[in-house]
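Heads up, there are several structures right after this.
Shared between the two complexes below is subunit A, which has subunit B as its partner in the first and subunit C in the second.
== the complex of A and B ==
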(Lines of atoms letter the chains of each structure in order from A and count residues from 1; the text may use other names and numbers.)
(Lines give C-alpha, C1' and ligand atoms only; values in the text may rest on other atoms or scores of the structure.)
Protein backbone atom coordinates (compact mmCIF):
# COMPACT_ATOMS: atom_id res chain seq x y z
CA UNK A 1 0.00 0.00 0.00
CA UNK A 2 1.48 3.31 -1.10
CA UNK A 3 1.62 5.98 1.56
CA UNK A 4 2.59 9.52 0.64
CA UNK A 5 5.70 10.70 2.46
CA UNK A 6 5.45 13.82 4.57
CA UNK A 7 6.81 16.98 3.04
CA UNK A 8 8.62 19.26 5.47
CA UNK A 9 7.54 22.88 5.14
CA UNK A 10 9.72 24.29 7.91
CA UNK A 11 11.75 22.92 10.79
CA UNK A 12 13.92 24.13 13.61
CA UNK A 13 16.04 22.47 16.28
CA UNK A 14 17.98 24.21 19.03
CA UNK A 15 18.28 24.66 22.76
CA UNK A 16 16.25 27.90 22.54
CA UNK A 17 14.67 30.05 19.85
CA UNK A 18 15.02 33.80 19.30
CA UNK A 19 12.52 36.01 17.52
CA UNK A 20 14.50 36.26 14.29
CA UNK A 21 14.28 32.46 14.10
CA UNK A 22 10.54 32.67 14.83
CA UNK A 23 10.28 35.14 11.94
CA UNK A 24 12.25 32.84 9.66
CA UNK A 25 9.94 29.91 10.41
CA UNK A 26 6.76 31.95 9.93
CA UNK A 27 7.98 33.63 6.75
CA UNK A 28 9.03 30.26 5.34
CA UNK A 29 5.64 28.74 6.14
CA UNK A 30 3.71 31.59 4.50
CA UNK A 31 5.97 31.62 1.40
CA UNK A 32 5.91 27.84 0.89
CA UNK A 33 2.15 27.63 1.29
CA UNK A 34 1.77 30.43 -1.27
CA UNK A 35 4.09 28.52 -3.61
CA UNK A 36 1.89 25.45 -3.13
CA UNK A 37 -1.00 27.58 -4.48
CA UNK A 38 -3.15 27.33 -1.38
CA UNK A 39 -6.00 29.83 -1.05
CA UNK A 40 -5.40 32.73 1.32
CA UNK A 41 -7.90 31.49 3.98
CA UNK A 42 -6.15 28.10 3.93
CA UNK A 43 -2.74 29.71 4.30
CA UNK A 44 -4.01 31.80 7.20
CA UNK A 45 -5.58 28.77 8.87
CA UNK A 46 -2.22 26.96 8.98
CA UNK A 47 -0.23 30.12 9.65
CA UNK A 48 -2.39 30.99 12.70
CA UNK A 49 -1.74 27.63 14.31
CA UNK A 50 1.99 27.73 13.55
CA UNK A 51 2.29 31.32 14.84
CA UNK A 52 0.57 30.61 18.15
CA UNK A 53 2.61 27.44 18.76
CA UNK A 54 5.99 28.85 17.74
CA UNK A 55 5.44 32.11 19.64
CA UNK A 56 4.55 30.05 22.72
CA UNK A 57 7.80 28.13 22.33
CA UNK A 58 9.65 31.45 22.08
CA UNK A 59 7.96 32.88 25.19
CA UNK A 60 7.93 29.88 27.51
CA UNK A 61 10.91 27.74 26.59
CA UNK A 62 13.36 27.07 29.37
CA UNK A 63 16.66 25.67 28.00
CA UNK A 64 18.04 22.67 29.84
CA UNK A 65 21.72 23.19 28.97
CA UNK A 66 23.58 25.08 26.23
CA UNK A 67 24.29 21.83 24.42
CA UNK A 68 20.91 20.15 24.80
CA UNK A 69 18.99 20.88 21.58
CA UNK A 70 15.59 19.72 22.70
CA UNK A 71 13.44 22.54 21.28
CA UNK A 72 12.00 21.36 17.99
CA UNK A 73 9.47 22.83 15.57
CA UNK A 74 8.34 20.74 12.64
CA UNK A 75 5.68 21.86 10.19
CA UNK A 76 4.89 19.30 7.52
CA UNK A 77 2.36 18.37 4.89
CA UNK A 78 1.31 14.82 5.69
CA UNK A 79 -1.14 14.24 2.84
CA UNK A 80 -3.28 16.11 0.35
CA UNK A 81 -4.18 19.33 2.14
CA UNK A 82 -3.27 17.72 5.47
CA UNK A 83 -0.81 19.38 7.75
CA UNK A 84 0.85 18.63 11.05
CA UNK A 85 2.61 21.00 13.41
CA UNK A 86 4.75 19.48 16.15
CA UNK A 87 6.46 21.60 18.77
CA UNK A 88 8.72 20.09 21.41
CA UNK A 89 9.46 22.68 24.01
CA UNK A 90 11.30 22.47 27.35
CA UNK A 91 9.31 24.36 29.98
CA UNK A 92 9.34 24.62 33.74
CA UNK A 93 7.70 21.59 35.34
CA UNK A 94 5.52 23.87 37.47
CA UNK A 95 3.83 25.24 34.33
CA UNK A 96 2.94 21.92 32.74
CA UNK A 97 -0.13 21.11 34.85
CA UNK A 98 -1.80 24.43 34.07
CA UNK A 99 -1.05 24.04 30.37
CA UNK A 100 -2.45 20.51 30.41
CA UNK A 101 -5.65 21.72 32.10
CA UNK A 102 -6.12 24.45 29.48
CA UNK A 103 -5.55 22.03 26.60
CA UNK A 104 -7.86 19.42 28.13
CA UNK A 105 -10.53 22.07 28.51
CA UNK A 106 -10.37 23.40 24.93
CA UNK A 107 -10.24 19.80 23.66
CA UNK A 108 -13.49 19.09 25.49
CA UNK A 109 -15.37 21.86 23.68
CA UNK A 110 -17.24 21.58 20.39
CA UNK A 111 -17.06 24.39 17.79
CA UNK A 112 -19.94 26.30 19.38
CA UNK A 113 -18.41 25.94 22.83
CA UNK A 114 -15.06 27.13 21.50
CA UNK A 115 -16.65 30.20 19.92
CA UNK A 116 -18.41 31.03 23.20
CA UNK A 117 -15.22 30.49 25.19
CA UNK A 118 -13.26 32.66 22.74
CA UNK A 119 -15.76 35.51 23.13
CA UNK A 120 -15.76 35.02 26.89
CA UNK A 121 -11.97 35.35 26.99
CA UNK A 122 -12.03 38.51 24.86
CA UNK A 123 -14.66 40.05 27.13
CA UNK A 124 -12.54 39.06 30.12
CA UNK A 125 -9.64 40.98 28.59
CA UNK A 126 -11.89 43.97 28.05
CA UNK A 127 -13.23 43.95 31.58
CA UNK A 128 -10.23 42.85 33.59
CA UNK A 129 -7.25 44.20 31.68
CA UNK A 130 -6.29 40.56 31.44
CA UNK A 131 -3.31 39.59 29.31
CA UNK A 132 -5.17 36.66 27.80
CA UNK A 133 -2.79 33.74 28.11
CA UNK A 134 -4.61 30.75 26.71
CA UNK A 135 -6.39 32.63 23.94
CA UNK A 136 -3.81 31.21 21.54
CA UNK A 137 -4.89 27.68 22.47
CA UNK A 138 -8.52 28.51 21.73
CA UNK A 139 -7.49 29.93 18.34
CA UNK A 140 -5.55 26.72 17.61
CA UNK A 141 -8.44 24.50 18.69
CA UNK A 142 -10.82 26.43 16.42
CA UNK A 143 -8.54 25.98 13.40
CA UNK A 144 -7.73 22.27 13.64
CA UNK A 145 -9.87 19.18 13.13
CA UNK A 146 -8.61 16.93 15.91
CA UNK A 147 -7.97 17.51 19.60
CA UNK A 148 -4.63 19.14 20.41
CA UNK A 149 -2.21 16.34 21.27
CA UNK A 150 -0.18 16.98 24.41
CA UNK A 151 2.60 14.99 26.06
CA UNK A 152 4.93 15.72 28.95
CA UNK A 153 8.30 14.05 29.57
CA UNK A 154 10.42 15.01 32.57
CA UNK A 155 13.96 16.05 31.63
CA UNK A 156 15.07 16.77 35.18
CA UNK A 157 13.46 17.89 38.43
CA UNK A 158 12.65 21.40 37.13
CA UNK A 159 12.30 21.10 33.36
CA UNK A 160 9.88 19.01 31.31
CA UNK A 161 9.76 18.51 27.57
CA UNK A 162 6.27 19.30 26.36
CA UNK A 163 5.22 18.01 22.95
CA UNK A 164 2.22 19.64 21.33
CA UNK A 165 0.91 18.26 18.08
CA UNK A 166 -1.80 19.89 15.97
CA UNK A 167 -3.21 18.17 12.91
CA UNK A 168 -5.34 19.85 10.32
CA UNK A 169 -7.14 18.87 7.14
CA UNK A 170 -8.23 21.72 4.93
CA UNK B 1 -3.88 69.43 12.66
CA UNK B 2 -1.79 66.44 13.50
CA UNK B 3 -1.97 62.87 12.38
CA UNK B 4 -0.32 59.63 13.45
CA UNK B 5 1.22 57.41 10.84
CA UNK B 6 3.32 54.26 10.95
CA UNK B 7 4.17 52.37 7.79
CA UNK B 8 3.66 48.60 7.74
CA UNK B 9 6.36 45.96 7.83
CA UNK B 10 6.02 42.22 7.20
CA UNK B 11 5.16 41.74 10.87
CA UNK B 12 3.63 45.05 11.99
CA UNK B 13 0.62 46.99 10.74
CA UNK B 14 0.13 50.34 9.15
CA UNK B 15 -1.58 52.71 11.56
CA UNK B 16 -2.97 56.01 10.35
CA UNK B 17 -5.10 58.41 12.34
CA UNK B 18 -6.03 61.80 10.94
CA UNK B 19 -7.47 63.90 13.73
CA UNK B 20 -9.02 66.59 11.55
CA UNK B 21 -10.67 64.12 9.18
CA UNK B 22 -11.73 61.79 12.00
CA UNK B 23 -10.33 58.86 10.09
CA UNK B 24 -8.47 55.88 11.54
CA UNK B 25 -7.00 52.97 9.64
CA UNK B 26 -5.09 49.90 10.68
CA UNK B 27 -4.01 47.20 8.27
CA UNK B 28 -1.61 44.42 7.45
CA UNK B 29 0.06 41.93 9.77
CA UNK B 30 0.30 42.22 13.54
CA UNK B 31 2.59 39.64 15.09
CA UNK B 32 5.57 41.51 16.45
CA UNK B 33 7.96 40.24 19.11
CA UNK B 34 6.76 42.89 21.57
CA UNK B 35 3.20 43.62 20.59
CA UNK B 36 2.42 45.86 23.57
CA UNK B 37 5.57 47.97 23.09
CA UNK B 38 4.65 48.55 19.46
CA UNK B 39 1.11 49.71 20.26
CA UNK B 40 2.21 51.65 23.33
CA UNK B 41 3.80 54.34 21.13
CA UNK B 42 0.40 54.85 19.49
CA UNK B 43 -1.39 54.86 22.87
CA UNK B 44 1.10 57.42 24.22
CA UNK B 45 0.56 59.64 21.18
CA UNK B 46 -3.20 59.27 21.54
CA UNK B 47 -3.08 60.26 25.21
CA UNK B 48 -0.91 63.29 24.52
CA UNK B 49 -3.32 64.47 21.80
CA UNK B 50 -6.56 63.63 23.56
CA UNK B 51 -7.44 67.24 24.38
CA UNK B 52 -6.75 68.27 20.80
CA UNK B 53 -8.95 65.45 19.47
CA UNK B 54 -11.75 66.27 21.90
CA UNK B 55 -11.68 69.90 20.82
CA UNK B 56 -12.52 68.85 17.26
CA UNK B 57 -15.47 66.64 18.17
CA UNK B 58 -18.97 68.06 17.85
CA UNK B 59 -22.26 66.16 18.33
CA UNK B 60 -22.36 65.48 14.59
CA UNK B 61 -18.74 64.40 14.21
CA UNK B 62 -18.43 60.84 13.03
CA UNK B 63 -15.24 58.77 13.23
CA UNK B 64 -14.57 56.37 10.38
CA UNK B 65 -12.52 53.35 11.40
CA UNK B 66 -11.18 51.02 8.72
CA UNK B 67 -9.75 47.68 9.84
CA UNK B 68 -7.85 46.08 6.95
CA UNK B 69 -6.16 43.30 8.83
CA UNK B 70 -4.56 40.38 7.03
CA UNK B 71 -3.43 38.52 10.13
CA UNK B 72 -3.05 39.25 13.81
CA UNK B 73 -1.84 36.98 16.58
CA UNK B 74 -3.58 36.46 19.91
CA UNK B 75 -1.24 38.94 21.62
CA UNK B 76 -2.45 41.74 19.31
CA UNK B 77 -6.09 41.14 20.10
CA UNK B 78 -6.10 43.06 23.37
CA UNK B 79 -4.39 46.08 21.72
CA UNK B 80 -6.97 46.21 18.91
CA UNK B 81 -9.66 46.05 21.53
CA UNK B 82 -8.11 48.90 23.49
CA UNK B 83 -7.92 51.07 20.36
CA UNK B 84 -11.60 50.57 19.60
CA UNK B 85 -12.67 51.05 23.21
CA UNK B 86 -10.72 54.33 23.42
CA UNK B 87 -12.53 55.61 20.35
CA UNK B 88 -15.85 54.42 21.67
CA UNK B 89 -15.30 56.45 24.82
CA UNK B 90 -14.12 59.56 22.98
CA UNK B 91 -16.71 59.68 20.21
CA UNK B 92 -19.78 59.15 22.37
CA UNK B 93 -22.62 61.40 23.32
CA UNK B 94 -24.61 60.63 26.40
CA UNK B 95 -28.07 62.06 26.92
CA UNK B 96 -31.18 60.99 28.82
CA UNK B 97 -31.76 58.12 26.40
CA UNK B 98 -28.29 56.62 26.83
CA UNK B 99 -25.06 56.72 24.85
CA UNK B 100 -24.74 57.20 21.14
CA UNK B 101 -21.47 56.23 19.52
CA UNK B 102 -20.55 58.31 16.52
CA UNK B 103 -18.30 55.68 15.03
CA UNK B 104 -18.53 53.77 11.80
CA UNK B 105 -16.36 50.66 11.77
CA UNK B 106 -15.54 49.01 8.46
CA UNK B 107 -14.06 45.52 8.68
CA UNK B 108 -12.35 44.54 5.44
CA UNK B 109 -11.80 40.93 4.47
CA UNK B 110 -10.39 39.24 1.41
CA UNK B 111 -12.61 37.24 -0.92
CA UNK B 112 -13.55 33.87 0.55
CA UNK B 113 -12.04 34.58 3.96
CA UNK B 114 -15.01 33.48 6.05
CA UNK B 115 -12.85 33.10 9.16
CA UNK B 116 -12.03 36.79 9.08
CA UNK B 117 -15.74 37.66 8.95
CA UNK B 118 -16.28 35.51 12.03
CA UNK B 119 -13.41 37.23 13.83
CA UNK B 120 -14.97 40.61 12.97
CA UNK B 121 -18.37 39.47 14.24
CA UNK B 122 -16.82 38.37 17.52
CA UNK B 123 -15.12 41.75 17.84
CA UNK B 124 -18.29 43.63 17.01
CA UNK B 125 -20.13 41.71 19.76
CA UNK B 126 -17.46 42.56 22.31
CA UNK B 127 -17.17 46.24 21.39
CA UNK B 128 -20.98 46.48 21.10
CA UNK B 129 -20.86 48.50 17.90
CA UNK B 130 -22.13 47.06 14.61
CA UNK B 131 -19.44 46.60 11.96
CA UNK B 132 -19.88 47.02 8.23
CA UNK B 133 -18.19 44.13 6.44
CA UNK B 134 -16.48 45.01 3.19
CA UNK B 135 -15.10 42.42 0.77
CA UNK B 136 -11.85 43.38 -0.90
CA UNK B 137 -9.86 41.65 -3.66
CA UNK B 138 -6.62 42.07 -1.73
CA UNK B 139 -5.57 43.66 1.53
CA UNK B 140 -1.83 43.49 0.86
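== the complex of A and C ==
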Protein backbone atom coordinates (compact mmCIF):
# COMPACT_ATOMS: atom_id res chain seq x y z
CA UNK A 1 0.00 0.00 0.00
CA UNK A 2 1.40 3.37 -1.03
CA UNK A 3 0.90 6.54 0.88
CA UNK A 4 0.97 9.89 -0.91
CA UNK A 5 3.91 12.01 0.18
CA UNK A 6 3.14 15.38 1.73
CA UNK A 7 3.83 18.43 -0.39
CA UNK A 8 5.36 21.32 1.50
CA UNK A 9 3.67 24.63 0.78
CA UNK A 10 5.73 26.79 3.11
CA UNK A 11 8.14 26.24 5.94
CA UNK A 12 10.22 28.23 8.37
CA UNK A 13 12.79 27.39 11.03
CA UNK A 14 14.55 29.85 13.29
CA UNK A 15 15.14 31.13 16.76
CA UNK A 16 12.45 33.78 16.38
CA UNK A 17 10.21 35.10 13.63
CA UNK A 18 9.86 38.74 12.60
CA UNK A 19 6.97 40.40 10.85
CA UNK A 20 8.57 40.38 7.39
CA UNK A 21 9.04 36.61 7.73
CA UNK A 22 5.38 36.29 8.75
CA UNK A 23 4.46 38.20 5.59
CA UNK A 24 6.74 36.02 3.47
CA UNK A 25 5.10 32.83 4.79
CA UNK A 26 1.59 34.16 4.25
CA UNK A 27 2.38 35.44 0.76
CA UNK A 28 3.94 32.10 -0.17
CA UNK A 29 0.90 30.19 1.13
CA UNK A 30 -1.53 32.38 -0.81
CA UNK A 31 0.52 32.24 -4.03
CA UNK A 32 1.06 28.48 -3.95
CA UNK A 33 -2.60 27.75 -3.21
CA UNK A 34 -3.56 29.99 -6.13
CA UNK A 35 -1.09 28.13 -8.35
CA UNK A 36 -2.73 24.87 -7.22
CA UNK A 37 -6.01 26.30 -8.60
CA UNK A 38 -7.92 26.21 -5.33
CA UNK A 39 -11.13 28.22 -5.17
CA UNK A 40 -10.92 31.57 -3.37
CA UNK A 41 -13.03 30.41 -0.35
CA UNK A 42 -10.72 27.40 0.03
CA UNK A 43 -7.61 29.56 -0.14
CA UNK A 44 -9.06 31.91 2.46
CA UNK A 45 -10.03 29.01 4.72
CA UNK A 46 -6.41 27.77 4.83
CA UNK A 47 -4.95 31.29 4.88
CA UNK A 48 -7.02 32.26 7.94
CA UNK A 49 -5.78 29.29 9.94
CA UNK A 50 -2.16 29.87 8.89
CA UNK A 51 -2.44 33.60 9.69
CA UNK A 52 -3.80 33.04 13.20
CA UNK A 53 -1.18 30.42 14.03
CA UNK A 54 1.83 32.21 12.53
CA UNK A 55 0.83 35.57 14.01
CA UNK A 56 0.48 33.90 17.41
CA UNK A 57 4.01 32.54 17.08
CA UNK A 58 5.20 36.05 16.13
CA UNK A 59 3.41 37.71 19.07
CA UNK A 60 3.81 35.21 21.89
CA UNK A 61 7.10 33.36 21.36
CA UNK A 62 9.62 33.98 24.08
CA UNK A 63 13.37 34.16 23.48
CA UNK A 64 15.53 31.09 23.90
CA UNK A 65 19.29 30.63 23.50
CA UNK A 66 20.58 32.01 20.21
CA UNK A 67 21.80 28.64 19.00
CA UNK A 68 18.46 26.96 19.52
CA UNK A 69 16.35 27.06 16.33
CA UNK A 70 13.17 25.83 17.92
CA UNK A 71 10.53 27.92 16.19
CA UNK A 72 9.17 26.08 13.19
CA UNK A 73 6.21 26.49 10.88
CA UNK A 74 5.28 23.85 8.36
CA UNK A 75 2.32 24.14 6.04
CA UNK A 76 1.80 21.10 3.84
CA UNK A 77 -0.68 19.38 1.60
CA UNK A 78 -1.09 15.87 3.01
CA UNK A 79 -3.60 14.48 0.51
CA UNK A 80 -6.18 15.57 -2.02
CA UNK A 81 -7.49 18.86 -0.63
CA UNK A 82 -6.10 17.95 2.79
CA UNK A 83 -3.78 20.33 4.55
CA UNK A 84 -1.83 20.38 7.75
CA UNK A 85 -0.39 23.37 9.57
CA UNK A 86 2.14 22.68 12.32
CA UNK A 87 3.61 25.47 14.41
CA UNK A 88 6.18 24.85 17.12
CA UNK A 89 7.13 27.81 19.23
CA UNK A 90 8.71 28.46 22.61
CA UNK A 91 6.49 30.09 25.21
CA UNK A 92 6.79 30.71 28.93
CA UNK A 93 5.96 27.58 30.92
CA UNK A 94 3.54 29.61 33.05
CA UNK A 95 1.35 30.26 29.99
CA UNK A 96 1.05 26.69 28.76
CA UNK A 97 -1.69 25.53 31.13
CA UNK A 98 -3.98 28.38 30.18
CA UNK A 99 -3.38 27.78 26.48
CA UNK A 100 -4.12 24.08 26.93
CA UNK A 101 -7.38 24.91 28.75
CA UNK A 102 -8.43 27.23 25.92
CA UNK A 103 -7.70 24.63 23.25
CA UNK A 104 -9.42 21.86 25.23
CA UNK A 105 -12.45 24.09 25.58
CA UNK A 106 -12.80 24.97 21.88
CA UNK A 107 -12.14 21.30 21.01
CA UNK A 108 -15.07 20.31 23.24
CA UNK A 109 -17.55 22.47 21.30
CA UNK A 110 -19.58 21.38 18.29
CA UNK A 111 -20.10 23.81 15.36
CA UNK A 112 -23.18 25.36 16.98
CA UNK A 113 -21.35 25.76 20.28
CA UNK A 114 -18.38 27.29 18.48
CA UNK A 115 -20.62 29.77 16.70
CA UNK A 116 -22.26 30.80 19.99
CA UNK A 117 -18.91 31.13 21.68
CA UNK A 118 -17.58 33.18 18.75
CA UNK A 119 -20.56 35.53 19.08
CA UNK A 120 -19.93 35.79 22.80
CA UNK A 121 -16.28 36.64 22.25
CA UNK A 122 -16.85 39.31 19.61
CA UNK A 123 -19.53 41.00 21.73
CA UNK A 124 -17.17 41.12 24.68
CA UNK A 125 -15.38 44.46 24.86
CA UNK A 126 -11.73 44.05 23.94
CA UNK A 127 -10.46 45.49 27.21
CA UNK A 128 -12.67 43.38 29.49
CA UNK A 129 -10.57 41.32 31.83
CA UNK A 130 -11.45 37.69 31.33
CA UNK A 131 -9.99 34.28 30.70
CA UNK A 132 -11.95 33.18 27.64
CA UNK A 133 -10.54 31.33 24.67
CA UNK A 134 -8.75 33.60 22.22
CA UNK A 135 -10.81 34.65 19.24
CA UNK A 136 -8.05 33.33 16.97
CA UNK A 137 -8.39 29.81 18.40
CA UNK A 138 -12.14 29.91 17.90
CA UNK A 139 -11.65 31.01 14.29
CA UNK A 140 -9.20 28.13 13.73
CA UNK A 141 -11.55 25.60 15.31
CA UNK A 142 -14.41 26.79 13.10
CA UNK A 143 -12.35 26.36 9.94
CA UNK A 144 -10.81 22.94 10.51
CA UNK A 145 -12.50 19.58 10.57
CA UNK A 146 -10.63 17.99 13.43
CA UNK A 147 -9.75 19.01 16.98
CA UNK A 148 -6.74 21.29 17.32
CA UNK A 149 -3.79 19.12 18.34
CA UNK A 150 -1.64 20.49 21.16
CA UNK A 151 1.59 19.23 22.74
CA UNK A 152 3.97 20.72 25.29
CA UNK A 153 7.65 19.80 25.84
CA UNK A 154 9.73 21.49 28.50
CA UNK A 155 12.90 23.11 27.12
CA UNK A 156 14.07 24.30 30.52
CA UNK A 157 12.49 25.41 33.79
CA UNK A 158 10.96 28.55 32.30
CA UNK A 159 10.42 27.82 28.61
CA UNK A 160 8.31 25.16 26.96
CA UNK A 161 8.06 24.21 23.31
CA UNK A 162 4.42 24.19 22.27
CA UNK A 163 3.34 22.34 19.14
CA UNK A 164 -0.03 23.17 17.64
CA UNK A 165 -1.25 21.13 14.72
CA UNK A 166 -4.33 21.94 12.66
CA UNK A 167 -5.55 19.51 10.03
CA UNK A 168 -8.14 20.45 7.48
CA UNK A 169 -9.98 18.72 4.68
CA UNK A 170 -11.67 21.02 2.22
CA UNK B 1 -12.31 69.63 6.11
CA UNK B 2 -11.77 66.94 8.73
CA UNK B 3 -10.60 63.76 7.08
CA UNK B 4 -8.48 60.73 7.74
CA UNK B 5 -6.94 59.23 4.64
CA UNK B 6 -4.67 56.21 4.73
CA UNK B 7 -3.48 54.41 1.65
CA UNK B 8 -3.86 50.65 1.63
CA UNK B 9 -0.92 48.32 2.06
CA UNK B 10 -0.75 44.54 1.76
CA UNK B 11 -1.47 44.31 5.49
CA UNK B 12 -3.65 47.34 6.18
CA UNK B 13 -6.87 48.59 4.63
CA UNK B 14 -7.56 51.86 2.88
CA UNK B 15 -9.11 54.31 5.31
CA UNK B 16 -11.16 57.28 4.16
CA UNK B 17 -13.04 58.91 7.03
CA UNK B 18 -14.72 62.11 5.93
CA UNK B 19 -16.23 63.70 9.02
CA UNK B 20 -17.85 66.64 7.22
CA UNK B 21 -19.64 64.37 4.76
CA UNK B 22 -20.30 61.80 7.53
CA UNK B 23 -18.97 59.02 5.29
CA UNK B 24 -16.44 56.42 6.36
CA UNK B 25 -14.75 53.79 4.21
CA UNK B 26 -12.64 50.82 5.29
CA UNK B 27 -11.43 48.76 2.35
CA UNK B 28 -8.90 46.00 1.84
CA UNK B 29 -6.96 43.51 3.91
CA UNK B 30 -6.52 43.98 7.64
CA UNK B 31 -3.80 42.20 9.56
CA UNK B 32 -1.51 44.99 10.77
CA UNK B 33 1.71 44.16 12.58
CA UNK B 34 0.43 46.11 15.58
CA UNK B 35 -3.33 46.27 15.41
CA UNK B 36 -3.59 48.70 18.31
CA UNK B 37 -1.15 51.07 16.64
CA UNK B 38 -3.23 51.03 13.47
CA UNK B 39 -6.80 51.18 14.83
CA UNK B 40 -6.13 52.97 18.14
CA UNK B 41 -5.45 56.41 16.57
CA UNK B 42 -8.46 56.03 14.24
CA UNK B 43 -10.77 55.32 17.15
CA UNK B 44 -9.24 58.23 19.09
CA UNK B 45 -9.72 60.57 16.12
CA UNK B 46 -13.39 59.58 15.80
CA UNK B 47 -13.89 60.29 19.49
CA UNK B 48 -12.10 63.65 19.24
CA UNK B 49 -14.28 64.70 16.31
CA UNK B 50 -17.58 63.34 17.55
CA UNK B 51 -19.08 66.82 17.76
CA UNK B 52 -18.86 67.13 13.96
CA UNK B 53 -20.70 63.83 13.59
CA UNK B 54 -23.33 64.77 16.17
CA UNK B 55 -23.99 68.24 14.73
CA UNK B 56 -24.49 66.90 11.22
CA UNK B 57 -28.01 65.49 11.07
CA UNK B 58 -27.18 63.23 8.13
CA UNK B 59 -26.80 59.53 8.88
CA UNK B 60 -23.26 58.25 9.23
CA UNK B 61 -22.59 56.03 6.21
CA UNK B 62 -19.94 53.37 6.77
CA UNK B 63 -18.80 51.30 3.79
CA UNK B 64 -16.86 48.25 4.88
CA UNK B 65 -15.28 46.27 2.07
CA UNK B 66 -12.89 43.90 3.75
CA UNK B 67 -11.19 41.17 1.77
CA UNK B 68 -9.52 39.55 4.76
CA UNK B 69 -9.10 40.43 8.42
CA UNK B 70 -7.45 38.63 11.29
CA UNK B 71 -8.99 38.08 14.71
CA UNK B 72 -7.30 41.11 16.32
CA UNK B 73 -8.57 43.43 13.58
CA UNK B 74 -12.08 42.08 14.12
CA UNK B 75 -12.07 43.18 17.76
CA UNK B 76 -10.99 46.71 16.81
CA UNK B 77 -13.47 46.93 13.97
CA UNK B 78 -16.20 46.07 16.47
CA UNK B 79 -14.92 48.74 18.85
CA UNK B 80 -14.90 51.32 16.07
CA UNK B 81 -18.47 50.47 15.08
CA UNK B 82 -19.63 50.51 18.70
CA UNK B 83 -18.17 54.00 19.10
CA UNK B 84 -19.91 55.24 15.95
CA UNK B 85 -23.23 53.83 17.20
CA UNK B 86 -22.67 55.43 20.61
CA UNK B 87 -22.02 58.82 18.95
CA UNK B 88 -24.79 58.89 16.32
CA UNK B 89 -27.28 56.40 17.77
CA UNK B 90 -28.14 53.05 16.18
CA UNK B 91 -30.80 54.53 13.88
CA UNK B 92 -28.39 57.01 12.33
CA UNK B 93 -25.59 54.63 11.36
CA UNK B 94 -25.91 52.97 7.95
CA UNK B 95 -23.40 50.19 7.42
CA UNK B 96 -22.87 48.83 3.93
CA UNK B 97 -21.09 45.49 4.20
CA UNK B 98 -19.51 44.89 0.80
CA UNK B 99 -18.11 41.48 -0.03
CA UNK B 100 -16.56 40.00 -3.14
CA UNK B 101 -18.63 37.65 -5.27
CA UNK B 102 -18.66 34.12 -3.83
CA UNK B 103 -16.89 35.24 -0.66
CA UNK B 104 -19.39 33.64 1.70
CA UNK B 105 -16.93 33.78 4.57
CA UNK B 106 -16.73 37.58 4.65
CA UNK B 107 -20.49 37.81 4.12
CA UNK B 108 -21.09 35.48 7.07
CA UNK B 109 -18.75 37.45 9.31
CA UNK B 110 -20.75 40.56 8.40
CA UNK B 111 -23.97 38.86 9.48
CA UNK B 112 -22.35 37.79 12.74
CA UNK B 113 -21.05 41.29 13.48
CA UNK B 114 -24.41 42.80 12.60
CA UNK B 115 -26.12 40.37 14.98
CA UNK B 116 -23.54 40.96 17.71
CA UNK B 117 -24.01 44.74 17.51
CA UNK B 118 -27.76 44.47 17.03
CA UNK B 119 -27.35 46.77 14.04
CA UNK B 120 -28.78 46.18 10.57
CA UNK B 121 -26.25 46.09 7.75
CA UNK B 122 -26.94 46.36 4.05
CA UNK B 123 -25.12 43.49 2.29
CA UNK B 124 -23.73 44.29 -1.13
CA UNK B 125 -22.08 41.73 -3.40
CA UNK B 126 -19.26 43.35 -5.33
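FYI, the second predicted complex is superposed on the first by the 162 of 170 C-alpha atoms of A that agree within 3 Å, B and C clash if a C-alpha of one lies under 4 Å from a C-alpha of the other, contacts with A are read in each partner's own complex, and residues count from 1 in each chain.
By definition in this document, contacts are C-beta pairs under 8 Å (C-beta built on N, C-alpha and C of every residue); 3 or more make two chains touch, one makes a residue touch a chain.
Please read these numbers as outputs of a predicted model, since none were measured by experiment.
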Next on the checklist: Using the superposition on subunit A, tell me whether subunit B and subunit C clash or fit.
Outcome noted: clash
Next on the checklist: Under the stated touch criterion, which partner chain does A:51 make contact with: subunit B (first), subunit C (second), both, or neither?
Outcome noted: both
Checklist entry - After lining up the shared chain so the two structures overlap, which partner does A:122 touch, if you call subunit B first and subunit C second: first, second, both or neither? => result both
Checklist entry - A:136 contacts which: subunit B (first), subunit C (second), both, neither? => result both
Checklist entry - Between subunit B (first) and subunit C (second), which, if any, makes contact with A:19: first, second, both or neither? => result both
Checklist entry - Do any residues of subunit A touch both subunit B and subunit C, and if so, which are they? => result 19, 23, 27, 39-41, 44-45, 47-48, 51-52, 55, 115, 118-119, 122-123, 125-126, 135-136, 139
Checklist outcome for this item: Within the complex, subunit A is touched by subunit B residues 10-11, 31, 33, 70-71, 73-75, 77-78, 81, 85, 110, 112-116, 118, 122-123, 125-126
Checklist entry - Mind pulling up the subunit A residues that touch subunit C in the complex? => result 19, 23, 27, 39-41, 44-45, 47-48, 51-52, 55, 115, 118-119, 122-123, 125-126, 134-136, 138-139
Checklist entry - Can you list the residues on subunit C that touch subunit A in the complex? => result 10-11, 31, 33, 68, 70-72, 74-76, 78-79, 100, 102-105, 112-113, 115-116
Item to check | Contact footprint of subunit B on subunit A as seen in their complex | outcome: 19, 22-23, 26-27, 39-41, 44-45, 47-48, 51-52, 55, 115, 118-119, 122-123, 125-126, 130-132, 135-136, 139
